[in-house]
Every structure is written in C-alpha cells, then in structure tokens.
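Two complexes follow with chain A in common, the first pairing it with chain B and the second with chain C.
Right, the complex of A and B next:
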C-alpha cells in the first residue's frame, strides 16, 4: 500500500508545481516582456522586517534600489523609502490559461517594482520570466511526450501484432530514427523555413521535432509487450470468438501496454523539457522577447554574465523540483507495475 | 638619472642571460651582422616618448589565425594586424594624432596643381635581412600593386581619376608620383602601402607566383620587411612569433635603436571570452577589442593590469531597411513592405522612436556614444557637429507615421497595432548576426521601442555569412542591424558604402544608376571630395553628405562603442588610439618596465 501512497504523493507534488506554472500570470508580479531600462541586472531584492532604525514592521517590506552613480550594474539600498510588500495586488492584465483576463497578482507593491529574483540585461523581472518560461518548456515537454507516445504505441502495436515483414520494416525504420543526429536535423530544418517564424510557429516546430524523433524507443518497448500479450490465452480466446484485429488491439492489447506507456511518459516528459531547453539555449526555440527555461539560460554563454550575475543561474534551479517529481513518479509507477506482475504471475518472476 | 640607467643595464643583462639560456634550446643561430647603435650614413627617424629598455617578449591574442603574411592579398583583420608590425609605408598616419608623418619617405612635396608628388627616401636603410633599400624597391612595389594580374587589394586606391598613377625614379633617393587628377586624400594615400623587397620578390613576380607567396608557413629567411619586427616562427593553430628587426630605422630620443622588445608573440585564441581568461591569468600582456561587459569584469578584478577606455572608435552600428528594386522577382509581401520602407517619414519615425541612450547604457554599459550620423565622435576631424540630435519622442514618431498615412485602428485585446493605408498591419523582421551579442541586444531594444508604436517586429539572429549573403546577394530580408568600422578616419575609407554603385551600399548595393535624387547627390559629392585638394573644402563636401544621410535615414544610426583595451602595468608607452590597431600602433616603443619581471615568465 505504501507504493500507492508514494504514487499519490508524487502526483500531488507534480500537480502543485504545474498549477504554479499554469497560473504564471497570478504568481508573477509583472509582464515578462516589460523592460525597465533603468534597472539592468538588478540583484534579487531582500525582504526586510526590521528597518534601518531597528523598528519592527509587521508587513514585510523592501528598500528600493538605486544605481550607484557612475556605475552600470552596482546598486545600493535607498533606506529612506520603504516599499511595503502587498499581497493580492491589482496589476498588469494577464490571461489566465490563455483566455480568462485577470489582473489580480499574488503580490506586488505600489510605487516601485519588486524584483524577488533580480532582473536581466533589459531590466525584465526574472521571476516573471521564469514562471512564464516554464509554460513554454513544460508544454513543449508534455505535448512532445504526447506525440511520441502516440506514435510509439501505434508503431509498436502494429509491428508486434502483425509481425512478419511489417515488423521488420517498422523496426528498421525505428533504428534509423534512433541513429539520426536530431540536433543537426533541426538546424537543417530551420534553414528551409522562412526567416522570421512567429513565436507560435517556432514553438510548434520545436514540439513536433521533439515529438517526432523520440518515438522509436517506446515503440520497441510496446512491441515487446504486444508480442507476449498476443499469445496469452484470453487474446487467443477472443480471437477464437471472432474478434477483429482492431477490437483485439483496442480492447485487450492496448490496456496491457498502459503501464509501460505511463512509465515512459513519466520518463519522457522531463527528458523532452530538457530537449526544449537545449534547443532554446542554442537559439532554436521561441524567439525573443518570449522566454523559456532554455533561452533564459542562454545569456550564461557570455563569460561576463557567468561571473558577474549569479541570479541568472536561477532558471536552472527551477527545473529541479519538476525533474524530481517526474522521476519519483516514474519509479513509483514502475514499482506498481512490478507489484501487479508479481500478483498476476504468482511472485516467481521477480527479475 | 644615474640610478635609472644602472638598473636599465642590469635589466638588459638579465634579459640577455635569459635569452642565452633559451637560445640553446630553441633559437637557431643567426649570422646577420648586428648593426651598431647608429650609423652616420643611415637617416634614422627619432621618436619622442618615454625612454624604455630593451628586451622582453610581448604576448597578445588574435581572434583568428592570419590568413597570410602577404600584404598583396591580406584582407582579414588578423593578417592586417600582424603585417602592420612587420611592414611599413612611405608616409604613415599617426594613429594618435590622426595626422600624416614621414616614414620611409623623409619628406614629400606636392605640386601646385596637385598632380605631382615628389617623395625623398631615407638614406642607408636596410630590410630585415640586411639587404639595402633603394628607390628601385619602391618602383617595383608600385609596379606590383598596379599590375592587374597580381590582383593586389591595394590596386583600387591607386587608380585616381580613372587612371593608375605612374611612378618615376629621379635618382636613388627621389621618386615622382604622377596623378591623372588631383587626389583629395593627398599623401594619406601612401599609408598602409607596404614597400616590398625587390631582391626577394622579383623572380616570383615574373613567374606569376606572387599571390601564393608569403603564407604563414614561409621560412623566415625567405621573408623580409622594413617594419619593427620580422618573422621568426609560426606554429599552426597556436601562435606566430616575430622577433626584433635589428635594422629598424627608428630610434628614441637617446639614440637607442627601436624596437625595445625582443619578441612579439601573437597567440591564436578563438573566442572573446577565452581571450579575457588568458589575459586575466597573465598569459597575454595586452588585450584589445574588448566588449563593455568583459571590460567591466576585468576592471572589477584589476590586479597587475590597467584598463583603458580610449573613447568612441570608428565603428558605427545602424539599422537599415531593404530598399532594393527587385522588380518582378520580389514577393508580394516584400513589395508591400518596401512601400513603407521607401517612405522617408516611416524611416524618420523609427529613428525618432529608437531609444539611443538606452542602447548606449544597456548594450555598452555607458561606454559608447549615441549616433545620428555615420561619423563617430572619435573621428574629430570629419564629424559634422551641426547635425541635429533630436531627442527620442514617441509622440513625434506617431505624428510622422500619421502624416505618412499609417493609422491605429481599434484596440484589440489590449495590444496596439499599426496599419498602413491599405489596412495591413505593420510587421517586419530585423536580421542580426548571431555571433554578435551586442547587436542582437540592440535589436531586442528596438523591438520593444517599436512595439510602443504598434509595430510587430521580430529579431532574427542569423549566422554572419548567410546574413551578408541575404543582404548583398539574394536580397530577401526586411531590415538588418549591422555595424561597420572603417580602418581610416578619412571619408574615402567608406567610399564603397556611400556610392550607389558600391558593393557595401547596404540598403541597395551595386546600383547601375542611383535610385533616388539624394543618392545621386551623395554620389556627386563623394566623387567631388575625392578630387578636391585641401581639408577645408573636402570637409564642407563631406558635411553635406552627412546632412543628406541624416535627412533621408537610409541607415538609422544607433551607437558607437568605445575602444576598450587593457595592458599589464609593467608595459610602458601604452597610448591606446581609436584607430586600428588600437594599441600596437606604436609597438616599436612598447617596453617592459622591469626586465626581471618579463624574464620570469
């Protein structure tokens, strides 16, 4: 039973994390593309409870930061002005889940901008960019995994069920796909497309490419399962009663592959999020001014950013809880699968 | 004074000891006669400046390997930089004062009609292999430059008024250059024209092999020059080592023969960041062409080196639109967009909306200058100060767009959209070079500026070569953000950019006939300044060119970065200039303050 509890625990964690990213508009205090040209590379602001005169404030507050004169990126706290942190503030309009307009934000401040995680080269709020960037990266990962699993299940079932030359052909094609240098493929693909692709086109392109290249592995796994399942008694019996191929695949074989597919999904999503980040890091993802976790990290390619502004590394930390959640889920799923197997097969196949 | 001299001698001793140890391992023994300090027959040039002491090895990094050591074929910056330390010209432009100075020619005279230049050579000079220099070498050099079969890069600038100049020898020291038309550049023409050794090159020239000669792998004894350094060793992919030319013809005010340094080493370090790391670790002594970000990183951690900001250089960055006339070839989409781009008011509106101060502050960290014309504040002699510097104003930009027939229809989902007179939304893309982070940053700032006018702009970083291909060959682009850096302050250096027939006339290159009246006028003015002698007259003509450019905005000038360099504290006579090669222009005068320190490495 503890396995089931583990599964629920990881699922809750993941749902929570995804809700934060899906509701980026609410959790982010600002528009992620809005530039504040007076505050480039502003370090994360510190939350205070005690002011300079050692008075305790019940409401957390910030001191606004001002540029040290004659400097480009050195800031100092202006202890004369206290900016109180306010929760459930009205601010910039956003569209929750892409359609519902709203302007309520989790926190904010009137009169000054708050940078909890600092700002980038254009003075854009890093926290807002990480949250909105997560939408791009996670959606790419989820959609990519969806496409991959769909293709993988389709090809795997066809190859395993029909066998013969069809099996040979499909598996050789799968091997070809495994051997493809997909990064170069994407470079080449990009060269054929018109120069300026809109953010949506760029995003779809990334998703399709990620989804297209990954189907070979799940296809082989599914084929293996199908090969063993189609010889089982209940399948033979159903066939004996005159069930059609489609009926057999849908009703008896597909459900047997579900555990493999689910585990694969939990492994593939973080893998594809990483793939999207790699592409964006190399400048092949969504174009500026939109952000994704990969493009946020791209500025670290410059030595000066690497050594001067530590808060530019933070997008790399954002992926850690997500990966942990997905991999925890994958291992819990795998345990559950093997438990079922033990129950079914009487416990002797414990490999 | 006495103490100083003593320490200098001790330094020299220590240095020669170090070299002696080294020579047993690496140096092949040379049999060249080492000339005396001075020779009565030699007419040497005395340079003012700090008195240094001899010895030492200066290491500097180059972004890429020089493609050649042949001045006839060198076109890339690394080659030019290396050749600059190995070859010299008849008349030289001082990179600090931007004025001409005698070099191999000790004096020159220009006839009243501006058609005849009489140059007098220094006597008793020798090439780096000990062979004497005479007027025959100069005659040979210009014959080679002007020979069509050689395809020398210098040939174009020696065609004045449609005819090649002719050179005639009066006596062993005197040469007469005859021009078909007066040349506005005057004696600046001779800057950068390296004088070649006839005794080494005549045979290959007659065999037609001159173009393939003097690659980086040429053995040092097949190479000779008149510059402060001569070829010593080349290690492919790693470094190029030059050694002191013992026959160099300049001295300091105390009569010591220059250069001070024994060796000049160019390390090939492919990326800017790697160059910074090498400099930080002390592997290289000088760093140039620094970005503002790296400059501030180095400034924060300053230890045994000094960083210097020489002020705005000659590089100007600009945004330009595709104004080419492609006729039927072009797509309907581009034809529609070109209607906007060709409208002066549209270009003016964009220029008015661009926040140049933000570009200077955010891209160059304040180490640069905003531009309203192609001549940067670093080019004091040719800058037209009367060109207006209108402040950024979105309201003015909107008014200009309204006059040009653009409008802002109903606001949909909170986003303002500008539409043209046919009701089509204004959307275009800006190409930038993906290898240049600064320009991509500028484009991203402009993208945000124009969003406030309701224009939807996309920034497309592209690999540099395919970007140039699109701009000059296929002409499939909307707008492009580029930078140009002329190697000389004189307007003639940019002739190819402003003439409508020029290959670098970026917004519409290589036109058969000027497409607009203002382009025709620029053509006329540029041709006129070419053959007008006298700075004042030429300045007036070039001022007018700058005015026309500012009015018509074929290029929307943005900003010019400062020349940022760094050098170890131990190096003396460092005077960074805004002209290339920034620091190495007086390489013969650079020296290490204490000999011991450089020997330690």
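Right, the complex of A and C next:
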C-alpha cells in the first residue's frame, strides 16, 4: 500500500514540475527571444525587503542595475529608485500551450526589467529562457521516448510472437544496438543527417535520432514478456476460437507488456532529455534563437563566460529536480512490477 | 575454453555488425565533404567529380564497404578528407588519450566502489548505510554534463587545477617526476567527473548484490565457524556476489566511453571526443566511422576482459563449458 503512495507522490511531483514548464509563458516574465543590448551578462538581481535606509517595505522590491563607472561589465545597484515587484502583472502576449493567447504573468515590474537569474550575452532574461528551453528539452525527451517505446514494442512483439529466424535476426540486431556506446551511436546517427536546417526541422531531427537509438532494451524486455504470455491459457483459448495474430497481439498480449513499457518510459525520458541536452550543448541540436537546456549551456564552452558569469550555469541545475522525479517514479514502478511478477509466478506455480 | 572461444566469436560478430551499421548510416548522408567545393566558381565540376572518383565516393555502397574492409585489414581505416591523411594514425594519438582517461577512471571507480559497497552492505539498513544510500542517490540524479560543467566552474574559480589540455606548455623540458605530476594534475578534473558520474551506480550494485549474498545460509554457517569478519566479507561474500558485478564491469566500460566523449569535449581533453565532433561538423566520413569502430573495439575488449574474469571467478561456467 505504501508502495502505491510512493508512486502517487512521485507522479504528483512530476506533474507539478511539468506544469511549470508547460505554463512557461505565465511563469516567465518576458519573451525568451526579446533582447536588451544595453544589458549583456547582467548578474541575477536581488529581491529586497529592506531598503538602503533600513526601512522595511511590505512589498518586495529590487533596485535596477547600472554599470559601475569605469567598467564595462561590472554592475552595481542603483539605490536611488525603488522598483516594486508586482504579482499577476500584465505583460508580453504569449500563447499558453501554443494556442491560447494570454498576457498575464506571475510577476513583473513596471519601469524596469527584472532579471531574477541574470541575462545572457544579448541581454535576454535567463529565467524566461530556462522555462521556455525546458519545453523544447522535455518535449524532445517525451517524444523520443514515445518513438523508442513504439519501436521497441513492435520489434519485441514481432520477435517474441513469431519466433524462429525472425526472432534470431531481430535479437542479434538488438544486441548490436545495446553494445554500442549510446553517445557514439547518437553521434554517428546525427553525423549522417543534414546539419544546416531550420529550428523546427532540427528539433524533429533530434527527436527522431534520439528515438532511434534506444529501442533495443525495451524490445528485449517486451520479447521476454510476450514469450511467456503467448503460452498462457487465455491466449491459447483465444487462438483456438480462431483469433487472428493481429487480434491476439493487440487484445491479449499488448496489455500484458504495459507494466514493462511504463517502467521503461520512466527510465528513458530523463535519459533522452539528457541526450537532447548533450546534442544541443555540442551544437548538433536545436539552433538559436530557440533555447533548450543544452543550448543554454553551450556558452559555457567559452573560457571568459566560465570565469566571469557563473549564472550561465543555472540552466544545468534545472534538470536535477526532473531527474529526481523520474528516478523516484522508475524505482516505484519497478518495485511494483517486481511485486506483481512474484505474485504472478507464485500463483502460476501453485496451479 | 569453449566458452571463451564463443565469447571471442561473439565479439568479432559485434565489431563486424557495428562497422556494417555505421556504413549503412553513412549511405543515408545527404551530401559529403566535397559539396562545398561545388559552390566555389574557381573549382570546376570536373575537379569535384575527379575528387569523388579518387576517394571512390561515386562507387556503390557494397564496393565501398569491401574496399574499406580491405583497408582495415591493412590497418588503415580509410582516408580523412579534412586532414588529408590516413585515418588510423590520426585516431591512434587521440585514442591513446581517451584510453588513458577511461582506464584510469574505470580502475579508480571500481577501487572505490568495491570497499564502499561491501562496507555499506555489512551495515545494511543502519545509519551509515542510509547516509551512503542517500549520497549515492543524490549523485545519481546529477547527470554527467552538469557534473563536468560544475567541476569546471569550480576549478576556474579556485584555480586549483588546470582546465583543459593534456599537458602544460614546456612539458618536454620537465623532469620525469614533474612530467608525471603535470599530467596527473591535468587528468584530475576529467577523471573526477567520470568517476563521480559512474560511482553511485557501481556502489549501489555492489551493495545490493553483496547484501543479497550475506543472507545466504552458507555465509551464516561460515560466520558461526568463527571466520574473521574481514575474510568473510571480502573472501567469501564478495566472491559469491562477483557474477553480476563482472557483467556490470563490461557495462561500465561502455558507460565510461560515452561519458568520456562528453567530458573530453567539455574539458578540452585531446581525445576521440573532440576529434569526432569536429569531423561530424566537417562531414569527414571515414574519421567518424573509424572513431565509432575504435570505441567499439575498446568496448568489446572490455567485455572480453569481463568474460575472462567471469571464467576465472565463477566455477559454474567452467563446469558447464567442460563436458566436451
């Protein structure tokens, strides 16, 4: 029972995290591609409650930053004017979930732009870019996992159900894919696809490449389940009644593989998000001005950024809670499946 | 011996399959290295066609594959367009650096993981074990890219370690001892990233398999015979738990190879990773194929080593293999 609670807990955590990213437009104060060339590499602003004269303010506020005199990249707080932080502000128009236009933002400020997590080389708001970038990375991971599971289930069912030389052939190829170091495989696949493409095409390309790499493990697991299920009495009975192969696979065998596929999904999604990040980090993924968690980190490859602008590292930390959520979900699911398996095997032995 | 022979055959099959697979992928490529020359009005179409013919890019795929296999048999691995030289010497220099990194990281990770895992399993469920479990779980959540970049920022801001490169400027003039120290200080950061990325998984597996064995009746019997605790843990339990761990060793080699690819690029270590990335961007076909194949050779070598270890450690395999 507590295992079930654990599963629910992790699911709630994950849904919450995904909602934040899906509603990026609301949580982000600005448009992710909107530039402010006057303020490159602005450090994260501090939100105050006490002003310079030690007066307490009830509404949180911040001081806008100005260049320190005689410097070109050192900023200091301009304590003359207080800019209050406002919640549920109207601001830039965005499309919630890609279609519903809205202009309500969680927070904002009138008079000056607020950079809670600093700005990048073009003065774009890091927080907005991280939130919008999460949409790209997570979507790539989810779609990639979908493709992989589809391929894996297809191959696994074909191999397990039909057996014989088809099984041999498919499993040998799966072994090959399992043996290759996955990053090398990803590179090799990406190497032989076009490089200069539009952002949307690049995104789809990345999704397909990621989806093609990992099908071997789910395929083997599904095959194992199918091998045992196809000899079970209810499947034999259905076959005796004259059910076709397709009907048997769809109606009786596919549902039995669901728990394996779900567990694999929880394991694969974070891996694929990371794969997208790696590709984009290396410049093989989604190009500018689109942001993804990987391409946001790409500027860290320059030594000067690494030395001076530590807040450019913050996008890397964004994925840690997601990883935690998926890891928890995977272990809860795995536990459930193994319990289920034990019970099932016990029952089978008795009869 | 039949077992080892079968594993070796399997390895050869894997290598052959990998080469075929990468070649098939390469056939899907739109365009090649010489395409940009077509845009250049000073280079005539005939020249481009001649270059194609010279590198046999105009021949059908099976012919190219056969030709390439022949070159591999002579130890050449094809020809790099960008470097205008055979691929093999180009790759070997880089592969040496990658191996240096991966082998060190593998050994270090296992030398830390084994005692730590056994130590944790011996205290299964108690406070030290819980603390360690939480630590490894936390580390498990931090992916290698994040870890490598974080270490890099730490190094840059503290200045404790050199960031990037294999050796310092003026390496050749140093004494042997200082040479070693210089190399070690350059290796610290990438090796640390690789070890930290693989360690949690290894520790958790060692802990799980040793803890499982510790409950077995024969170990309880051994304990009641008064066999010292240390010998019990490392002589009996670890050996009995070795089978899944050795399989994990083969797997960890693959994970470390993938990890080092990324870490090398992030920390600008002159290994296979940066070369591979460069040649992907330049469409330098044979370097990519060669690099992937070389990584496969390392992986297969690691797996074969694991098989030999298994043969040595697990008597069951020998008895199954011997009857003929």
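In this text, the second predicted complex is superposed on the first by the 324 of 351 C-alpha atoms of A that agree within 3 Å, B and C clash if a C-alpha of one lies under 4 Å from a C-alpha of the other, contacts with A are read in each partner's own complex, and residues count from 1 in each chain.
Note that contacts are C-beta pairs under 8 Å (C-beta built on N, C-alpha and C of every residue); 3 or more make two chains touch, one makes a residue touch a chain.
Quick caveat: nothing in here was measured; it's all calculated off a predicted structure.
**Q** Where does A:307 make contact in the superposed view: on chain B (first), on chain C (second), on both, or on neither?
**A** Both chain B and chain C are touched by A:307.
**Q** On the A-aligned overlay, A:180 touches which partner chain: chain B = first, chain C = second, or both, or neither?
**A** A:180 contacts chain C only, not chain B.
**Q** Now for A:238: first (chain B), second (chain C), both, or neither, which partner does it touch?
**A** neither
**Q** Name the contact category of A:121: first (chain B only), second (chain C only), both, or neither.
**A** A:121: touches chain B, not chain C.
**Q** With both complexes superposed on chain A, which partner does A:316 reach: first (chain B), second (chain C), both or neither?
**A** A:316: touches chain C, not chain B.
**Q** Could you look at A:198 and tell me whether it touches chain B, chain C, both or neither (first, second, both, neither)?
**A** first
**Q** For A:73, select first, second, both or neither according to whether it touches chain B, chain C, the two together, or no partner.
**A** first
**Q** A:284 in the overlay: touching chain B, chain C, both, or neither? Say first, second, both or neither.
**A** So A:284 only meets chain C here.
**Q** On chain A, which partner touches more residues: chain B or chain C?
**A** In the superposed model, C touches more residues of chain A.
**Q** A:188 contacts which: chain B (first), chain C (second), both, neither?
**A** The second partner, chain C, only.
**Q** Identify the residues of chain A that lie in both the chain B contact region and the chain C contact region.
**A** On chain A, the residues that contact chain B in one structure and chain C in the other are 195, 283, 303, 307.
**Q** If we count contacts the way the header does, which residues on chain B are in touch with chain A in the complex?
**A** 272-273, 276-277, 291-294, 296-297, 300, 355, 358, 361-362, 365-366, 414, 429, 431, 434, 437, 441, 444-445, 447-448, 458-462, 470, 476-478
**Q** Write out the stretch or stretches of chain A touching chain C in their complex.
**A** Counting only chain A, the residues touching chain C are 172-173, 175-176, 179-185, 187-195, 274, 277-278, 281-284, 294, 297, 300-301, 303, 306-307, 310, 313, 316-317, 319-320, 323-324, 327.
**Q** Touching residues of chain A toward chain B in the complex: what are they?
**A** 33, 35, 37, 40, 72-73, 93, 121-123, 195-196, 198, 283, 287-289, 302-305, 307-308
**Q** Within their complex, state which residues of chain C touch chain A.
**A** 13-14, 17-18, 21-22, 25-26, 28-31, 137, 140-143, 145-146, 149-150, 152-153, 156-157, 163, 254-255, 257-259, 261-262, 265-266, 276-277, 279-281, 283, 288-289, 291-292, 295-296, 299-300, 303
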